[in-house]
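Next up, some structures in structure tokens.
Shared chain: subunit A. Partners: subunit B in the first complex, subunit C in the second.
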Partner chain A sequence: MIKNNDKISANQVSILLFTTMVGAGILSLPADVSKEVGPNGLIAILGGGIASLFFARLILYLSSKFPTETFVEYTGKLITRPISIIISIILVFYFTIFASLDVRIFGEVLKIYLLPSTPIETIIITMLFTSAYLVRYGLEPIARMSEILFPIIVIPLVLLFLPTLTDIDLSNFLPFMRVSLVEFFKGMLVTTYSFVGFEILYLLFPYIINTDKLKRSVNSAIISTMLFYMYITFFVVGIFGYKETREQLWPFLTLIKSINFPVFFIENVEGIVMGIWTFTIFTSIYSFHYFATLALSKLLKTREHSYFVLPAVPIMYLMALIPDSIVTVYKYAGYVSQYMSVFFIAILPILLFIILKVKRLGDKDEEKT
Partner chain B sequence: MKRKLKIVILWVLIALMLTGCWDKIEIEDRAFVMAIGIDLSSSNKRYVVTFQFPNAAQITKGTSGGGGGSEKPSFAVSEVADTIFSASRHISTRINKALYLGHTQAIIFGKDVVENKDKFQQVLDSLDRSYELSRKVYLLVTPQKAQDILLKKYEMEPNTGAYIRDIFKHYNLTSKFPTIDYNKITKSLHETNGNAIIPKIIAGKDEIKIAGSAIIKNYKLAGWMEDDENMGYMWLTGLVKGGDISINMPGDGEEIKVPFNISNVIRRRDVKEENGKIIYRVKLEVEGDITEYTFEKHGEMMKGDLLNVIERKTSDEIKKMTQKAINRFQKELKVDMLGIGDYIEKYHPSLWEKVGKDWDKIFPEVEIKVDVTSHVRRIGLFR
Partner chain C sequence: MRFFDKIFGKKDDKKEDKNGIPASNSLKVNLDYIKNKLKDCDDVIYRDIWVGENQQYNLAIVFIDGLVDKDLINDHVLHSLLLDSRQADPSIEKIKRNLYEVIKKGTITGGDIKEITDLDKCILSILSGDTALLFDGSPEIVIISSKGWQMRSISPPEAETVVRGPREGFTETIRVNTALVRRWIRDPKLKIKQMQIGERTHTDVAVLYIEDIVDRNVLNKVMERLKNIKIDGIFESGYIEQLIEEDWHSPFPQVLSTERPDKVAASLLEGRVAILTDNTPFALIIPTTLATLFQSPEDYYERWMISSLLRILRFLAAIVALISPAVYIAFTAYHPGLIPTKLTLYVAATRQGMPFPAFFEAFIMEATFELLREAGVRLPVPIGQTIGIVGGLIIGQAAVQAGIVSPLMVIVVAVTAVASFAIPSYSAAIAFRMLRFIFMILAAVFGLYGIMLGFMIVLTHLVVLKSFGVPYLSPFVEIDLSDLADALIKAPIMYFKNRPEILDTPDRKKMKDLREEKIESIEDDRRDNNDKKQ
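Right, the complex of A and B next:
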């Protein structure tokens, strides 16, 4: 049962994907990738982006075979109902975990940089209620919110770093490709944590008006995300060198400390960046929040997803507060991205694709995808 | 009744929501630290941390006819503590403001801190982990006590932090000190495992002076570099962006000094391996102008090969400087701070795989060749 006014266009999908993917990962990505591949972080992100694009298109292909059904429904046909239910429940949890991780990291960063004496619980609960308020109204407002926030996120972040161009030492990207293939593959794998978010394509397909343009919008979303990450990594590694980058917790924020506006009355731009970054993480949180509740409502066959929006808030709140410290937050994030993300991004689509081909299921008319 | 209840609830909500955040600190309650000095106490066990901050109250009053002449323009307070962080906290028992480090311009290390490896590492880590400190601060080492520099008031600019920052701004007039900021120093410490060059600062009676540099080897002060040696180091690492060199030229009877004003430097590097010996070649192309010679020689600049002589002598002078720096690092300290290892690692990775592991042993054996070509581009307004 899909309401007519809750459909979005392919362009909106593109922006929604971008804003979902760009989230907390941006803070630590340069450090994670430098740790694995040294000076070749940019190439690893390129590799990770291309791999993500491949799997995103695979997920899109699968969904397009069942144009009126979401993941929860069509996997029932592919891999028997009980297994489908189990995987769907994991998917709901998966989205919830990402929303909680994002909101926790958001809380930590905001507490450190802007609100030192505000309890993190307050920051988290405020963010979650804001997200719930938006998510209750469904997909269309969410996509529109992303459309509004997209330029506010991208334009200032791209411009802010330009004054540091003079500090960049291009030799920091040398030697070129002197890492083993295993290391490089590992580096690509850690970038996936930053690309997490395009799994929403599992659920998104029935809600899109002009599905014929969808391939293009998925391409542009993932490529622009990749370029955005490469842009930031270029500045970080170009200024600090990989040896220092890999030791930093949030090289993105350390980079901001190095920005020096010549002839400008603002000396520290941290405040501005924190404001922008709040939008970045907000877009990721509401997206994961929405798709978690959507998957749940499909699973329980309720008419509206909004029944679950508010009950999800305390769950995400409690989950966000499970890790003791920022160290454990990143440990859990590592587990989730290593096991669950790899499963949902890579293993599951390949499996489903093989089963689809073997069983010859799906809508034959959509063969053109 | 229901309506009234709604209004009451709305009132309460507005009161709760609009009272703003509880993190606010009014600007006049903050002390914007401009410079930090770090020393060790006499027993070398605890830190003496000095914070210098301008008097915000006086600044807000404005410069209305020198009315606030009796007020101090800047404050400096020292605190003894076990760690740098606790010093920044314990100091609040003595001042009526909240310290804010986000605008700090300079951090000065006393000699005793850089001489003590453990303490120095602790200080560096404290700076790296700080949420507030900007990465644009300048780190400096002083052979005196940092406290001595910060507790003084300088008439030229009572705000010492701003004073230091402004000196760094016109670095390209002299090339007397390496323009290395915090970002570059930590990068160097991370990449070479504890080696770095930090500019040196000393306080005179009524002014400060930044010149020369301190050599940090393995997180410990290994020595100082002055004048020629320091500039030689700057030539080799490509830090020279301006400044002048004096060369001896024949004058009327005795030799006179002629300044060569550097306007542009191009540095090229190359590494070769011959018979198991590494040859590192630095090519410097220096452009500049002659700004004084002697009155008697008017009209001679255009004649003969006077310019060639000046160019050759300049090149020799630069070569001598670099030789001094090479001797210091290669023969005396045996530590690679000339960026040779870094260069090989980046541009000749296959060679680095062979020599990288025991670079410390190989570095003193490396043959460093410096070629300098100078060009006089301008001669002033007289021929």
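Right, the complex of A and C next:
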């Protein structure tokens, strides 16, 4: 068997973060922000991105204090072993839930747009097995896969929207910032669901070769994700207006449906976008799948994460099928992002940071050894 | 791994000790041993000769008829020993003391000789086409290199023709092949390490590399794996390829085979390792990545724009060869709504009254095409044309007229076929042609999603795959911008200042920046002019 040394470069981290964050969220993000902040979606995403960047850097800072340990190990030193174990278990579930949510939304979309007569179970299970096939080989192939798929995801999506540039009505973004601060923060909170994924930094640090460049790559990952979201929201809200956008489930796909290039023979770009979007979702699923199994293997102190890859498939499959309809899926997704994500993205890193400073752990540990 | 090496290494040493039969002083004993070993080999020729003024010294030469250059033996061995040696008159004392030395250094006029004292090695040399000269009263045996058999002359490489570029291809003789590479690179650092693999065939295998450029990790891996081969015979470099590659389950070739010396030389300069095998015109280049399978030597000889376009065309061709029948199936069976309405109507009209579903139709046609191709390859040229007629006219035309296949399907098959031949590497083209059937099945089951699944599975396989430690998809993964200049496109040659980043080459610089030089020369001119003016 091919041995991979399972270390990735800072550039790969950047791309892995981007592909992990960009997932099912792009479909509904314009609608979600429009619901909360009306025409100021772009600014809410900007705010969400900056907040995400701050917390991502905080998580990175925490991890860099324990460069050879993952979240599961170093939290044991900070907040006592039992609490650490409980939080780690929640983290494993958290990643699993996101993989399940992504695969469920993927199945629903595919069923509506491509395969109306195929049972959703088949779509979900094939996707999960494909993900398992990749995840078994570890981090290095995963990073390489993200690198390969990154241009395939970004370039066509960016180019596809350009022909609709003339349809944009800039007045759709007015009135500017006439929302209350509470509403605005709510809007920012909603966008966090789309930025979920950088929590993998909790686990990633020991597997990176050039950690000195890491800050820059985290910055570029989150900023480019933010710009990508803003780009899409700009087109969606700019064309439909926020009132129309917020009524739709997946305004992104509605916009795609309206695009056509009769000159280039492509009357309907849906097929292409569905193909690209399959990759987009795939990158998120395998990333969550991998980090869930990685956290679990660290928790149980096994040598390889690959033991848990296949057993995770039926669990994710069942979890994906729990919600009875797409509405419930988004309801659950809302709960998860409002409670668990906020905990893992914001509350936990701040808590850990305070404890770290109080206990004066980390750096000093290194100096001693 | 090192542990195993140690064990295996020791075993090897022991084996050689055990096998080595030292030659004795008596000519008769030595000859008897050789004759005994080569019993019933009627192509072996023994020649007893008596040398010296009174013909008192007994010598023997042994060689294999047909493998040796008879003229060389007659003129430079027998003539020298029997006639010329009488003209010169070394002191009798000297001869008595060491006849062997006198003959070896003063009599034989053949160019390439060596001495051995091991009878088994002597037999191996005889079997390789050398001539053994045995002496009475001395355990040393002189091996005169006299290989000279009927061989094919150098001819254009048939599988890799170019419009612009050298027409030389490798032949079946390893010596000629190494010489062809040497002619390209006149560098003392070009090393040719030769070994014999195959316990019965003792096939010569040469590992070529440039000492201060080669990626040491790759070289060590190649050497280690070659040493670990224990097999009775090596035919064709394909044996070696399959025995040293990392993943033998993979449909993709992890070693590039080529008939072109220029390709080998260029690869050596990039820091790769080449393996030449006796009896085959195919050299192996290691490590190989997916991008190198899409390169043709001509890319580098032509101007960059056309080369880049051709290269993009090849990548597109690979994708077309991979998915076009699958796309046909997916669109006709699952998503007629995704293609333009006019086309949908047209497809529906041509498929009117078609008895088979799209998948079956595509499968039959693709299988028929493969059948025709395979039959065409095996047949002699005149009949091969018949196959073309049968395939093109009778099957294609008749099947459409009979209403079994739609004309669109015939076009799809034809495009797929042409596209698969646009991939420069034959073995890579096979991989794509084979995977096409899997994509067809996936498309039949899941439509467009099936094709995407297929892509994800193939990509997963490719990102996991490594060729001698180098990721198979580099430089598209672990991105380095300077390497990308020679992957999907071929940038102007000015951009190839360094050797590929994926290889850990000690000497990185490939070229001095031409533009810098130009600026320097302009400045020099200006200075000269100024001097003149003053």
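Operating definition for what follows: the second predicted complex is superposed on the first by the 358 of 369 C-alpha atoms of A that agree within 3 Å, B and C clash if a C-alpha of one lies under 4 Å from a C-alpha of the other, contacts with A are read in each partner's own complex, and residues count from 1 in each chain.
Assume a contact is a pair of C-beta atoms (placed from the backbone, for glycine too) under 8 Å apart; a residue touches a chain by one contact, two chains touch by 3 or more.
As the structure is a prediction and not an experimental result, all values here were calculated from the model.
Residue contacts after overlaying the shared chain place A:Pro311 against neither subunit B nor subunit C.
In the superposed pair of complexes, A:Pro175 makes contact with subunit B only, with no contact to subunit C.
By the touch criterion defined above, A:Thr130 reaches subunit C but does not reach subunit B. By the touch criterion defined above, A:Asp167 reaches subunit B but does not reach subunit C. In the superposition on chain A, A:Ile239 contacts subunit B only, with no contact to subunit C.
When the two structures are aligned on the shared chain, A:Leu110 is found in touch with subunit C, with no touch to subunit B. Of the two partner chains, subunit B and subunit C are each touched by A:Thr118. Legend: residue contacts after superposition of the two complexes on their common chain; A:Met274 is shown touching subunit C, with no touch to subunit B.
Contact with subunit C, but none with subunit B, is seen for A:Pro141 once the two complexes are overlaid on the shared chain. Between subunit B and subunit C, more residues of subunit A are touched by C.
Judged by the document's definition of touching, subunit A residues 114-115, 118, 267-268, 270 lie at the interface with subunit B and also at the interface with subunit C. Residues of subunit B that touch subunit A in their complex: 21-23, 102-103, 131, 133-136, 183, 186-187, 190-191, 345-347, 349, 352. Only residues 2, 4, 9, 11-12, 110, 114-115, 118, 122-123, 126-127, 130, 133-134, 137, 141, 143-145, 147-149, 265-268, 270-271, 274-275, 278-279, 282 of subunit A touch subunit C when the two sit together in their complex. The residues of subunit A lying in touch with subunit B in their complex are 39, 112-118, 167, 171, 174-175, 178, 239-241, 243-244, 247, 254, 257-258, 260, 267-268, 270.
In the complex of the two chains, the subunit C residues touching subunit A come out as 246-247, 334-335, 337-341, 446-449, 451-453, 455-457, 459-460, 462-466, 471, 473, 476-479.
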